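Both complexes shown next keep chain A, but they swap its partner, so chain B is in the first and chain C is in the second.
Let's turn to the complex of A and B:
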């Protein structure tokens, strides 16, 4: 076997991968036209969303099928806030609304709107988390309840046409503006990338603390962690609320970048897609979530142009292959596979 | 109150549809403990099968039996190839069955295109109770639902196969020790669950439009029905589907239908939270 370059070997693989991803994202606009930059700028918020799913599922083992709830609420509040801050949105005018409804009055201030777009999903998640993440509700029931909640939200959003635009969603959302200047497509790309990088750094810091270890322990054996004396529920609620904040932030970025929101952003399929990105990339590595999201979204946009709808068939097969062959995910396998073998060899050498 | 009898009757009909859709889930989720996200796609297979067989000129009852058989075969095949590797591994099962659901939907889309297919009602005309007239097919659906519950109960509690399935649920290793071929029994019961989903698809095909993604609409409904009913109980599921449909239908008569759905869904969430063993199950322990 070829010996790995000693200097290369010393660079931790995770860091190398992160640098690789970062370089790719930073250099991407140099190689692509505006259209492709815009598409990529829509993928980056989804990567933040994938991070939130990874914190919750990959690190703590809570499989929420309703992670699109905070994402969708964040996106909707951001979009509505952006619309009402410049006047009455056209969809409200078709229902004969001539002034901003009282519930949306606070959103006319864009800064307050932004804050609420994160705070409201957090508050909701806190209530849901306190109700849901106690010892009584376990395993698949958490998934089922969150799935039902995301159904409730989607029904409500679809039904409240006067306020949410119904199935048409909210349109004409402008790109983010800094100091009174609306960002251009490329500026917005780097703005979104910067926020995503900050989010990643915060997540990485969070998971490398003691908190991250406790969360990992909860994933492996909840009862034992409780027995040691940790309050499992409050740890779980904390990470649930934190990941909701992250998801809401991703939702805001997504809404402002896409220029529109629709009820599908609150639905089950987005939550499941995010779980698939994380599963393909690898659970509990953060990098895996980013990589999986980038890979599948990139592939989707390339393949959908070539084979159209049949792309979904390919994604199904990829998912089956991943579950069968690399259950740790692509990045997960890359990050963890070799050190284990090396440890084994050392052990054998010591024993021999 | 002329509206109430109509709402009650419609609720009964909706309950029968819900029961048909979720009875397969009782076997797969309740008895085998597999979270099958592809449940809706087996309903879709049944609906397409009945459409295809009716196009070929087969009478509807035989087409429905054919739909049951086709869905059962596809289900058994999926179990053999995929599901059996992931028993008792929740996350992998979720991902694998989701992959199956995507693949089945896409195969249907490639075979039949996204064009919506229509199946004509096998029984036309109305049936009147007092002054109220209801479509005759509604009564067929109610009758089939009652028959299916009786059939499955008989199968589970009166035959050897049912005994084997229940024995495996209670203690897989012990069942194996006693000489039950667990692999074959698993395949049969998974196939049976999928077949029942297919039958449900066949029965509802004339009422709805047949298209590749039609199944996903039933996934959440059947999960909530089964869980409210107590996961592994056929009678509980029957009662749950009655409760859910009647309350949606009666509430829907007085307030906006979507609001009724939302209220019922929130009720289901509360039941899931405070009675995870279901409303109608006896206290275990």
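Let's turn to the complex of A and C:
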């Protein structure tokens, strides 16, 4: 009575969904005007951001409410670097700053700026992870502490006006340039999509390794993992730093595509939005995070035009419905739906 | 004992004034099967928590295979020193297959980088097959652990401890919730696994203790009450009064 491996059966379905998603993203520019292409190019970095949340929450069970911290820092460093590489940003000039402040001098080199936009969030996450993810602080307390970090950063960004532009943010950020040529809206769309596809491929490869299994094991039974001999803290810190790098990269793409950054990119509401995208799509499949992000952001942009702020209410209702009716998320449920086997498992669980 | 693999020297665990383990000294010989019995709350599980690093002791010293493991973290005791532990009640990764549970436990590198580039080898396959045979789950390697019976889950965990290739295996009430038949099979597994290992079993089931035990240690109220062969213990009047009569 050898049972088929349910995980193996998932693979074609997941691949089919990924192909569907990729086709949609590739063909989208053919069906839409420049304005819509630009909007979509802003959603794709958020999909990468959703991947980073899924790695941390969906695969490892760490629910960080501060994932916007690396995203926001990445976005800000990229934006400031882009500004100071061509001169003194106007917001600094209003404070009488006539030369690039010493802390920003390394950012005048765009390549170094890009590297620092990823390295600094990683370093910060490494320090926070080492202190926070030792096993002494768990579950909801990790969420609370990361939430506090998110708020602290947003306050800092809001108040350091001389350096960050305060609540106005940093403006006049140019789109990415390749070989001295600033990408057009459509080129940028495909550039962002390419990076996102690469990010997805790396995440998919990473989660299919034995390391991915260890992370899954930490999610369901952290203690047992330690008693097998794994240093749980190292694994958690690794995935925390890795997902921070991913979030920072998403932040860079977002900043360069939007042309501006504002303090809300570092705050709690973005972190929570990402958690909702992943919850709606389904945790721990990567594909679920991508779909959830695309679906809710698409809906948001359509609905906000029609019903305005009431959209927030709609999203709350959607979340409640998902949590109560399909706790595995939309894609998660599609991927794991196995009516017969599921019934069997329930029966066996009852017997056991 | 001349060749002791594990020595507890005067260890005490203090839970806010309650001495769960009270100056216990215990010596387990290399290759021995030691059974620890005692009423509920006697301190058996705490003693095991102590050896595996889950609970921190207040006084005393623990030496394993020549190394001082007092207050070392659990993952180090498990990997570097080689003490494997089966928890009370099945404690597995329930949403993974039996094979993956064993693969995770299999002795190998526990470093992050090594596990990103890890590849299964034929050797891995054959080691896991051996374990599957020993725990009698050859035909269920792809089943999710959550779909197994209670007894089978316990065996998966015994298999995980075997896969760790530990020098000392500690089994905390391995037969809880098993049928008489399953309990007997578990006893046979333990006899089969003792070849090159030292085993400590904490247990309630006296038939099972008789089946596997060489030396029996009886605990009561955090202290060691008696130690001896199964027959000696069974006839010890003190033991009878606190435990066996129940």
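Note that in this section the second predicted complex is superposed on the first by the 328 of 352 C-alpha atoms of A that agree within 3 Å, B and C clash if a C-alpha of one lies under 4 Å from a C-alpha of the other, contacts with A are read in each partner's own complex, and residues count from 1 in each chain.
Criterion: contacts are C-beta pairs under 8 Å (C-beta built on N, C-alpha and C of every residue); 3 or more make two chains touch, one makes a residue touch a chain.
Values in this document were obtained by computation on a predicted structure and should not be read as measured data.
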Chain B versus chain C as contact partner of A:182, first or second or both or neither: neither
Chain B versus chain C as contact partner of A:131, first or second or both or neither: first
Partner chain(s) touched by A:152 [first = chain B, second = chain C, both, neither]: first
Which of chain B and chain C A:34 touches, first, second, both or neither: neither
Which superposed partner A:302 touches (first chain B, second chain C, both, neither): neither
Which of chain B and chain C A:220 touches, first, second, both or neither: second
Contacts of A:16 with chain B and chain C, given as first, second, both or neither: neither
Partner chain(s) touched by A:141 [first = chain B, second = chain C, both, neither]: first
Residues of chain A contacting chain B in one complex and chain C in the other: none
Residues of chain A that touch chain B when the two form their complex: 63, 131-132, 136-141, 143-145, 147-149, 151-152, 155-156, 158-159, 268, 272, 275-276, 279, 309-310, 312-313, 315-317, 319-320, 322-324, 327
Chain A-facing residues of chain B, complex: 35, 82, 85-86, 90-92, 94-96, 98-103, 105-107, 109-110, 114, 220, 223-224, 227, 256, 258-259, 261-262, 265-266, 268-269, 272-273, 276
Residue numbers on chain A that touch chain C, as the complex places them: 1-7, 206, 209-211, 213-214, 216-217, 220-221, 223-232, 234-235, 238, 344-345, 348-349, 351-352
Contact footprint of chain A on chain C as seen in their complex: 52, 54, 73-76, 78-80, 84-85, 87, 91-97, 100, 103-105, 107, 110-112, 115-118, 139-140, 142-144, 146-150, 153, 160, 164
